[in-house]
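In what follows, subunit A forms one complex with subunit B and a second complex with subunit C.
This part shows the complex of A and B:
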C-alpha cells in the first residue's frame, strides 16, 4: 500500500485528469475528421468549428469511392500488404529458425544481421540495386527490398531459442529432419508469435510511403499512401481522384473529401488495432531480453 | 605384447561407440538448416551488403552510361564539396538541430508519461489510457502529417479558433520558424505513448516492498518517485538514450519529406531528404551517395562510442 494522505488523493486526481486530456488529444482528431467527412456543403460553409453535422451526408465517401485511382490504389495496397506480409514471414521465420540451431557459421551470419542495424549503405546504393534487379515500377519493389526486418528476425530467433530442446531431441530420435521439425513442430507451436509478427509487418506495408515514391513512377501502381498525400497534404483532391468528377453533378466540398480519404485509409489500421494491442507488449518485451 | 591388441580393440570399440552416440546427439541433415537460412541470407547479401559495395560510387563520378567499372575515379572530391557547399552544411546543421530538439523535448516525455500511468491505481482506467496512447504509433506519417495539415491550414480549425479569439491567424505550415517545433510536436504526439511500453515494463518489475518500506520511513509520493521509481528505470533510460544518440543523424525521411514545402526548405531540409533531392530527383548519384555514406559512418561511430560510454558507467551496453 502506498502512502495516501489528502495531498496524495489530490495528486491522484490531477494525474488522472491530465492523463484523460492526453488520451483525448489522441482521439479528438478522429472525432473531428469523422464529423467533417459526413458534413454537407452548408455545414462546411456556415460553421468555423464543425463538431457535429446538422445533416449527415455520404457524398464525400461516394466521391472518393467513385475515383478509379483511389479504388485501384486501395487494391494495390491490399495486394502489397497480403503478399508482402507472406514473404516477410516466410523469409524471417525460416532464417530465424535456422539461426536458432547450432549450425557452423551461424555466429558470422548473426553478426551480419546485427551489423545492418548499426550501418546501412543508404538510399542511393539500395536504389541502384533495386534498379539493377529490375524491380523499378513493379510491386515487388515494395516487397523484396524490405523482405526481412533485422530486428524482427532477432526477436523471432529469440522466440525459437525458448522452445524446449527436448522437442527437437524427440523429433530427431523419431527420424525427423530439420525441414520436418520446422514445418510440423516449430511452426504450429509458434502460431501466436507468427500472428503477432504478421500484424506488425502488415501495418508497416499498409503505412509504407517511402518505398513507393522511390521505386514507383506509374500512377496505376501507386499505393494508397501516395494518393492520400496528394489529396490531403498537396491539397489537390480533384487531381488525385481522377474519374470521380464525372460520376457526380455536385461534387462535395474538398474538406469533406479529404477527411473521408483519411478515414478510409486509416480504417483497416483501426480495425486490426485491438488485435495488435493484444500482442505488441509481449513482442516488444521479447526483444528486450538479452541472450 | 598380449594386452596391446585388447587395449587396441577396446579403444576402437569405445571410439566406435562414441561416434555412434555423437551421431545420435548431433542433429542430422544440417544441409536442411542451411536451406532454411539460404533465402534470408540471400536477401541480406543482395539488398543490404551489395549496396555497401555500391558505396564506391561516392569516390567516382558515376555515370549510368559508363557503369560502375568505367566511371572515372575522383577520390574524396564529393566529400570535399560537401564541406564546402553552404547548402550541404545547412542540411547537416538542420539535421543536428532537429535531433537535438527531439532529444531535449520528445525523449523525456515517454518517461514522464510512463510514471504518470504507473501512478494510476485503478487497473481498468490504466488499461484504457494505455490503449488510447499507443494508437497514434500505428498511423502512417501521411495520415499524421495529413491530420496536422487539416488542423493547421489557413482555414483550418486552429486558425478558425484563433480568429474567434480575435488573434491574427498563423501560417503554421509555411512559416520557417514553425517548422521545427511542429516536427518535434508531431513526434511527441505519435510516439510518446508507444515509448512508455519498455519503461512501464521496467516499472512492473519493481518490488512493492520497497514502496512499503519507504512509506514506513515517512516518504511522500514525490520522494517515492524520486528514490524508488526513477532509480528502477535508470538503466532502461540510459540504454534508450544510447540508441537515440546513435541515430542522431536519422531524422526520419517520411515525416520531414511530407512536411517540407518551398517555404520551409531552408530550415527543414535534412540529410535524408537532401540525399533524395540530390540523388533521385537531380540525378547527382555520386554526390548523394557520398552524403548518405557520411551519414551512415557518423551514425556507426556514434553508436559505438555511446555503447562504450554505457559500459563504462556500468549499464551493460546494447550489444
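This part shows the complex of A and C:
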C-alpha cells in the first residue's frame, strides 16, 4: 500500500483535478453573484465576464436591505423555520416512538404512512383541505400540512428500533412511564438523529416557496423566497418571460439588485451548512444498518 | 294517502317559500338602493412591479370613494397560473380575475367556454372608457359573440421596430437605409469601417439573440409574426414560413458571413443582446418602441460613446406596394368578471365603475394636483406622488399609499396612439428624442392590423410558442451555415406537421367566422 505505481498517482491526479473542477463549477456561480452584486451597472454591461468589481458599489444592498418587505419577510422565514422545525421534530419523534413500540394497530398506521409516501393528493385537493381548515393566509399553513415528513418518520422509527430493548425493560422496572422513557432515555440517545432531522426540516422550511405562493395572499406574510422571486421579477429583463417580446423593451435589470437579494437569501442557510455537515452525513446513514 | 298529501303540502310550502325568498333577493330590490349598498369586491391579479401591502392607504381611499369593501390579492407572476388554477378549481372564484393576455390564453378561453365568466356586452356602452375600445380588440376577448373580458391598454402601433445608431451613420457619411440593399451596405460598413472611430475592429452591424430575437423586419410584408401572406389554398399563414422569410434568412446568412451579425447570437439571450452588445457600444442596430425604455441603459452607452444617438429606421417599401410596420394587439393583460355576479347587476356596475375610473385618460397637462380625480388616483400630492419637473412620480409603491397601486385597471385608455406622448416620460435627452422620433414615424406611416391577434387557436395556445421557437432555431442554423438553404422546405414541413397546420386551420376558420379582413390603418 505504501508504494503506489505511476498509474495510481496519475489516477489520483486526475481525480484531484476533476474534483477541483467540479468544486469550482459549484463555487463559481456564488462567486459571480458576489462580484455582480457589488458592481455598478456600467461594469456589468461593459465586461463580458465579471470576476471582481472594479469599484465597490453597495447600492444594491442598500436598496434590498432598506426595503421593508425584504426585512419583514426575513423574519417571517426565520419564524416559520424555527417554529416549523420544532413542530416537525415534536410530531415526528413522538409518532416514531409510538410506532416503534408494540402497540396494537401499528401496522395499519404504518401502512397509512407509507401510503402517503407513494401516493399524494394533488395540488388542488391539498389546497381545499388547507382552505377548509381555515389556514389560508396564516403562517400555520406553511407548518401544519408538512408537520411530518413520512420518510423522516420511518427513518426515525428505525433509529428508535435500534435502541436496545433492555433499556426499556430497565426503565420500566425503575417505574418509568412511556413519557419518561421517551424524554429521559430515547431522546437523549437520539441527539445526532434529532440534529440531522432538524437540519433537513429547517432547510426545507427556509427554501419553502410554492406552498407560500398558494396559501398566503397577504404580502406582509410572505416568506423570503417569495419576496425574492418578486424582486427578481421586478428587475427581470427577459422578454420571453414577460411574454411581451413583441411589445416592450425588456428593461435590462438592475442585475446587481437581483444578485444582492439572492446572496442575502442564501447566506444564512449557507453558513449553517459547514458547521452541521457531520450530522448530515450521520443523518443519511441513519437506520441503514440494522443489528 | 294522508302521508303523500302531507308531502305535497310540504313540497308546495317549500316552493312558495323559496320563490318568495328569491323575490326578496331579486335584482329589483337590490337595484333601487344599490348606490348606497356596500359591496364586498374580491379580485386577483399579478404585478410586474412591487406588490403593495394588503392594508395600504390606497385601499382605504377606494373603500371610501366607491363605498365598497375592497379585497385585492396579488400573485407572483411566474406562479400566477398555478395560483389562479387552484383558486378556480377549489371554487374560490374572485369577483374580478386578472389575466396575462399572451402567455396564458388557454385558461381564459377554457373557463370562458365553461361559463365561468360574465358576458359583458350589455355594459360596454355605459362606460366611456369601454366604449372607446376598438372592435378588433373586443374580438380578441370574444367567445361565441360574448365579450368575456376587459382588456387593459397598450398602444396598438408602438411595437418594437428597428432603430439605428444615428451618430455612426453620420460619422461614416451614410444615409438612412430605405431598402434591404442599403441596409446591407450600412450593416457591413458598421462592421468594417470603424463607425465609432476608435481605430479598433470592435463593432458590427446588427445585434441578434437566441431564437432569432428580435425578429427583425422592415414592414409587415416581411414580419415573421404577421399573418400577411397566403398559401396555395388561400389560407393566411404566419410570416415565419413565408417565402419572404426565406429571403430574409438568406440575407442574414450573408450578413453573418460578413461579420455584420454577432458570431454567437444563438447563445445570446435578449438581455445580453441588449446590455452586453448594443448598450456596450458594439452593435449599430436593435429594436425599440417608445414605451418604457430603460434609461439606465442609454446612460451606460453614453458613458462609452458620449455622442451616441439613436434614430428609428422607417419601414421599407415592399414589392406589393405596402409600406408600414405591423400593429400590435392593442391591449395587454385583461380582467374577467365571475359568472356568479349575473344576479347582481348593482355589484357589476360598481366593479365597472372602479375599472372605468382607473382607465380614464388625462392628457399630460392634466396629470397634476389641480386635477382632483388624478390627484386622488395617485394618492394626493406629497403623499402618494410628487411632481418632478412637471411629471408626477409615484412614491414607494410598497407602501401602497395611492389607489393607483390597487385599481383593477390602471392603464389609461388613450384616445389615440399619439395622445400618449410617451416621450415626455423620459429625462434622458437622447431617449426623449428617440421616443419623439418613433412616435412621429408611427404617426406618419400606416400599420397592418395582424388578424392573429383577434382570434384564438387552441393548438397555438398549447404549443405554438414551442414549435415556432424551434422553427426560428432551425432558421438560425441556416444563417450560421450549419444547414443549407435547400433545407428550407424540410424545416417548414416539420413546423406544419408538428401542429403548425392545425394552427393555420384554426386561425383561418375563426378569421372567417369573425369576418376579419386584412387591414391597413
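In this text, the second predicted complex is superposed on the first by the 244 of 291 C-alpha atoms of A that agree within 3 Å, B and C clash if a C-alpha of one lies under 4 Å from a C-alpha of the other, contacts with A are read in each partner's own complex, and residues count from 1 in each chain.
Heads up, the rule we're going with is that a residue touches a chain if its C-beta (ideal position, glycine included) is under 8 Å from a C-beta of that chain, and two chains touch if they have at least 3 such contacts.
Predicted model only: the values in this text are computed from it and were never measured.
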Which superposed partner A:233 touches (first subunit B, second subunit C, both, neither): both
Larger contact residue set on subunit A - subunit B or subunit C: B
Which of subunit B and subunit C A:217 touches, first, second, both or neither: second
Touching partner for A:55 - first (subunit B), second (subunit C), both, neither: neither
Which superposed partner A:67 touches (first subunit B, second subunit C, both, neither): second
Touching partner for A:127 - first (subunit B), second (subunit C), both, neither: both
Which superposed partner A:44 touches (first subunit B, second subunit C, both, neither): second
Footprint overlap on subunit A, where subunit B in one structure and subunit C in the other make contact: 48, 123-124, 127-128, 210, 213-214, 229, 233
Complex contacts: residues of subunit A adjacent to subunit B: 1-3, 5, 7-8, 11-12, 15-16, 18-20, 22-23, 25-27, 29, 32-33, 48-49, 90-92, 94-99, 101-104, 106, 109, 112-114, 116, 118-130, 133, 144-145, 147-148, 153, 168, 172-173, 177-179, 182, 203, 206-210, 213-214, 225, 228-229, 232-233, 235, 255, 258-259, 262, 265-266, 269, 273, 276-277, 280-281, 284-285, 288
Interface residues, subunit C side, partner subunit A - complex: 48-54, 73-79, 82-83, 85-86, 89-90, 92, 100, 102-103, 154, 158-160, 211, 213-215, 225, 269-271, 274-276, 279-280, 288-289, 291-294, 296-297, 300, 303-304, 328, 332, 398
Of subunit B, residues touching subunit A in the complex: 24, 27-30, 32-37, 39-41, 43-44, 46-55, 57, 113, 116-117, 119-121, 125, 128-129, 131-136, 138-143, 145-147, 149-151, 153, 157, 160-161, 163-164, 189, 193, 197-198, 201, 211-212, 214-215, 219-221, 224, 246, 253-254, 257-258, 272, 275-276, 279-280, 285, 288-289, 292-293, 295-297, 299-300, 303-304, 319
Residues on subunit A engaged by subunit C in the complex (per definition of touch): 41-42, 44-46, 48, 67-69, 123-124, 127-128, 131, 210, 213-214, 217-220, 226, 229-230, 233-234, 236-254
